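Worksheet for the structure shown next.
Each chain carries a letter (A, B, C, D and E) given by its place in the written order, and its residues are counted from 1.
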Amino acid sequence: MEGAVKEQQQAQPQLIVSVGPHMRSSESTATIMWTVSGALMPAALMGVYYFGFRAVAIILVSIVTAILSEALTQMALRKPVTVSDGSAFLTGLLIALNVPSSVPLYIPAVGSFVAIVITKQLFGGLGFNIFNPALIGRAFILISFPKQMTTYYKPVMNVTGMDAVTTATPLGLLKEDGLAALLEVFHTKAELYQHLFVGNRAGSLGETSIAALLLGAFFLLFIKRYITWHIPISFIATVGLLTWLFGGTEGLLSGDAIFHMLSGGLILGAFFMATDYVTGPSVRSAQVIFGICAGALTALIRLKGGYPEGVMFAILLMNCFAPLLDRRVRSRVFGKIAVKELK
Amino acid sequence: MKEMLKITLSLVAIFVVAGMIMVGVFYVTSPVRFKAEKKEKEEALKKMAPEADVITEVGKWNIGRKHYDYHEAKSGRRIVAYIATTAGKGYSSYVKMLVSVDRDIRVKGVQVLDHAETPGLGDQIIEEEWFLEQFKGKEFSQLALLKKPTKENIQAISGATISSRAVTNGVKDAVQMLIERYGGGIKVATHGVKK
Amino acid sequence: MEVTTIKAQATFSGGVHPAYNKELTAHKPAVTAALPTRIIIPLSQHIGAPDKPLVVIGQEVKKGEKVGEGTGFVSAPVHASTSGKVTAIGNFPHPLGMDVASVVIESDGKDEWVSGLKETPDYAMLSPDELKKMVSEAGIVGMGGATFPTHVKLSPPKEKPIDAVVLNGAECEPYLTADHRIMLERPTEIVEGLKILMQILGVKKGYIGIEANKPDAIEAMQKAVAGSPGIAVLPVKVKYPQGAEKMLIKAVVNRTVPAGGLPMDIGVVVQNVGTAEAVYNAVRFGRPLIERYVTVTGRGVKEPKNFIARIGTPYSQLVEEAGGFTDSAAKVISGGPMMGISQYSLDVPVIKGTSGILVLPLAEVSVKPYGPCIRCARCIDACPMKLQPSVIGLFIEKERYEDAKDYNLLDCFECGSCTFVCPANRPMVQWVKKAKKELAKKKSQ
Amino acid sequence: MKKVSYWAIFKNGLFGENPVFRLALSLCPAVAVTSGVKNGFLMGVAVFFVMTMVNVTVSLIRSFISPKVRIPAYMFIIATWVTVTDLVMGAYARDVYKEMGLYIMLIVAFAIVLSRAEVFASKNKLIPSMIDGMGMGLGFLLALVLIGITREFLGKGSLWGYDILHTRPLLIMVLPTGGFFAMGLLMGFLNWIDRKVFGGTGASSGGH
Amino acid sequence: MEGSGLWEHVLTIFIASALINNFVFARYLGLCIFFGVTKRMETAVGMSITFTAVMVISSVLSWVVYKYIMVPYHLEYLKIVIFIGIVAAFVQAADTIMKKKTPALYYKLGIYLALIVTNCIIIAVPLINAGEEYGLFESIALAFGSGVGFSLALIIMASIREKLDLADVPKSFQGLPIAFVLTGLIALAFLGFSGMITL
């Protein structure tokens, strides 16, 4: 009975003997990773549509670097090479979607390398990383190459991606110059929301088109059921609530919650990165706490912090707390009246 | 009892010897340090008004709870510049500066003394020499930070707006203070400095 | 009765939805399996100490004659399932995976009943103790697979009053249809058996919980209970492991068995529908438990079928009667695919807990290696006990059994839901079994 | 005590029991002041001086001080030499002192200094104690310089303040977070070399 | 901050020292203890409580001595000797008193007291207070904030390291190296707080 699946073959019609259950669901780690990557494709395509050839190059470079880093590290550590499980692909893709289209190509490559080698493989590989690799990769390159990582292009909508004009992101405009400057660019609130929704605005490759992101999120939430509402909804709702309460210039309740919920990387982060199985808590109630805290941190950083956008740091900070949440919040065992006080 | 006495005595002996060493070193080094500090300050001030031969502190002023001083720089008996220490609230620190103005209270120069802004971003206020350079000759009313190329006003360093603003505000505060003290006829265009 | 009208399908939280595959045999009436020439009666067909043989080699036995008897309270006697001669007493393979002391009977072909079986048409007049004695003598154990001696379950301590009996007709294990068929074919017997159980326990409420994917069985049972006060048939949601005792109780009477506790702690006794039928036969006709419904199914046999088979019938004979193996047959499982035990050979006999023999073809046998846990929490959602199998598994993998225990390892009843859903293919059930063993070893030291 | 050659004592501090990478003692300054080679070097010099002097002093008075009060006495001696270092650097190394004055003062809380006084100097004669202090101090200095080189080169593209690359390859390395990365990666790398090249255990002790 | 009152300043110092300039993640102090006691959650929590209490009290004592003895007599240059003396004496006193008065508490937290003297934060805080010329309340805010920040760091680190125990870390990186990389990653996450408060 020791060992994973022991096959014992005897003289009779060579029966396979193993411990049950003898049926397994058809899902595998690889199907999950590839499906999530697939769900990001609409956003990636919109990124290519808006930012042209540069976007394709960035996506390719970061994915290839991620896969190479994973394979080479695993070879160096004499572990089985598992790039076919799609997790390195997904990390690379997420990094590409999280950088501005203006960056030189070595930057996403550095991000992918750090994500895979330092954040994931050093900690024991898939399943053991404490932080979301893609987010650490992005944070690392944001700090290392601050200028390049905060230079955004306006969507050009041509193939070459040439003749791009740099501009600030909507959140950057709001933070540095106030609401008036934002409305100067986008004319009316309605137009602003519309631009945010379809994605015709400055930002990272994959974060601009809320419509495309929601399409993927819908697929994962309702069709594949790979993610649940707990983290993303509590995350987004908290950002909305807090920015509505404190985000305005005319006192309480004057903030623009819709703007805050649609802008920056919130939708991308909440649905595709905060929901990372490995780096978040696994008990549902803990996931709600995770989402609310991440939302609060995002709002705090956006409204009070030094960075215009806080989603990345909020998720990373909550990654720090996930083991603590896991430790304190356990599932309520069937028939256990009250979970015993833990040490 | 005897042992106790021995322990106490030995400890006291160590204390005394060590104390003497420390006091000795202090008396040797403190004048050196005092002189060095004074020299540093003088050199910094001198840089702000190279033509002056005497720079004397004439008063104190403050922003909020923090205290700063200001100086008169004279060449012979003629005042050639007023120099003030000042600071502006930056991204992660207060950017401490020296600002010198001429007799018409136009900025002569700005020197950053100390800051802890983000490497690569905020510290461009020193690295990008044109930034501090553009303060030269500006009047108080021109001290406004813009995010586009300008000759009239101050152009922010892209990606380092907060640090740029820290410098501009610090300079503005100092200039306003100097106008109030020495400006006489000069009108302060926009009173009340936005910080 | 207030409960008969409930249409909403009650259930528990958690569980999984494996492919049920019941269409292979659900519509096929049970056929009586041929009389085997050689019958192996293991002396251990129940939870508790094995029986002592009452016969010697060479002795002639009749059908229904007691051939083994237990020593303690938690035991059940075993009986010859046909007439013939005892040819061997020794260790023989057993479907639970080890060799077990068994009595081997060479059939004489006459299939003669032992004399002195007492019919009791007016059993309703008997006292609970008399009835209990009959159940005990008949060697009846839980026929859902747990094989817990029934008379023990019917003797709750005084401080735990019982107020309801629940019959388990959920049959949530995929493939199996033995309970389904018995409910269709012997509904009256089951209801009478239930009444006897209620009489023994002195309770007024009886429930029959059936998964909603067996509408014909629900209808048959409803017809059978018509006019019986206090008995209700309850459709429950189709979900594995709906048939687990604690989950069925939750669904049917909406009570929660405390962790580490038993159904009797909340006033409920659960019995399998097959057990109820056996109880009726024992009380009404004095017949011991010598045969049962067995489903022989899976895409590894040519003609999947339901059988009424004698205890002791070798698996090989039933497989043969079901048309034999297909070319691709690769794995034989005693019981269902979720909790059943895979077999080394077909030499093992049908025992009282054998609800089915499942033969899987190679294509359906999962031999993928397992990968690292990606903490997707599917197992946590699936666990009917609301445990955290992912964490438990990680601890056991590193041989940190005490930490696993801290995460309520001992509440696991090894239903396999976690392992079924795990995308990384992690063998959680196997680890849990190992950890429980290690912990027991440590404790006994 | 067995007679050990001076060179062995000296070498021990440099490699075998390198205070930073091997003993993993006094890690704070190792990351704190090493965003540049120069700071790391001067910090190392300060520690070198303090350790040597403390070992010398402790060795000199070891027969004279009662074991009961030796710890407070050692701490006092350490504090004295740190104060001396602080005063001297404050007067003669102004530009460095402005940046890392606090950390110079904190040498007083370095476990390595007290531990060498206790473990070695209190039991050995003057010369070996001095050599041990120098070896340890130099080992510390080398470690700091090594980390400093890594961080300054990667973070600023310069060494000892001299611009080499004319660009800043990885700014993060001069920030706190980069310091931790540099430490962790260097330690792991040295462990790896130790295991592969010298066949050692390659394990860092568990801290403190 | 300009024109704001003392209390706002005190609060600012508290938040800054707990989160933004967290001693471990931004100032690299207390690392020996940080890596030493975070292998188990119990020790991390015990250390947090003991440390924060000792921190606040000893920095108040240091402040009083500095303000009323050292400054008037121009003995600032002896601050290293005097502060370490105060901390050591206080820890010794606390040790003795706890052993006598509350043996139960001593049994739980006593072992951490011995470690505290070699913690650089405990000596850094009075030194910073002296350098910045903080008042009493500002000193307490810095001490308490640092204590809370250090406790936060210890508890996060301990919970992560418990999880890391289950991981298959490459051999050369087991132990301290991976702990350092991990601290770097946490520090990277804590950069999110930067720019929130300017001191």
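Criterion: contacts are C-beta pairs under 8 Å (C-beta built on N, C-alpha and C of every residue); 3 or more make two chains touch, one makes a residue touch a chain.
Just so you know, these numbers come straight off a predicted model, no measurement behind them.
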| item | value |
| --- | --- |
| Pair exhibiting more inter-chain C-beta contacts, B-E or A-B | B-E |
| Identifier of the chain whose CA centre is least distant from the whole-structure CA centre | A |
| From chain C, the most remote chain by mean C-alpha position | B |
| Whole-Å gap separating chain B and chain D, where each centre is the average of the chain's CA atoms | 34 |
| Length of the line joining the C-alpha centres of chain A and chain E, rounded to whole Å | 34 |
| Whole-Å separation of chain centres (CA-atom averages), chain A against chain D | 41 |
| Separation of mean Cα positions, chain C and chain A [Å, integer] | 47 |
| Two or more partner chains touched - positions in chain B | 22, 26, 30, 91-92, 118, 120, 162 |
| Junction residues of chain A - those touching two or more other chains | 118, 122, 125, 128, 140, 143, 145-146, 306, 326 |
| Sites on chain C at which at least two other chains make contact | none |
| Listing of all chain pairs that touch each other, if any do | A-B, A-C, A-D, A-E, B-D, B-E, C-E, D-E |
| Residues of chain E defined as touching chain A within the complex | 41-42, 155-156, 159-160, 162-164, 166-170, 173, 178, 181-182, 185-186, 188-196 |
| Chain E residues touching chain C - in the complex, by the definition given at the top | 165-166 |
| Residues of chain B that touch chain E when the two form their complex | 22, 26, 30, 63-65, 89-94, 118, 162, 195 |
| In the complex with chain E, residue positions of chain D that touch it | 24-29, 31-32, 72, 75-76, 79-80, 82-83, 86-87, 102, 105-106, 108-111, 114, 172, 175-181, 183-185, 187-189, 191-192, 195, 202-208 |
| Residues of chain C touching chain A in the complex | 12, 14, 16, 18-19, 174, 246, 250, 256-261, 325, 329-333, 337-346, 358, 360, 364-378, 380, 383-388, 390-391, 407-408, 411, 416, 419-425, 427, 429-430, 433-434 |
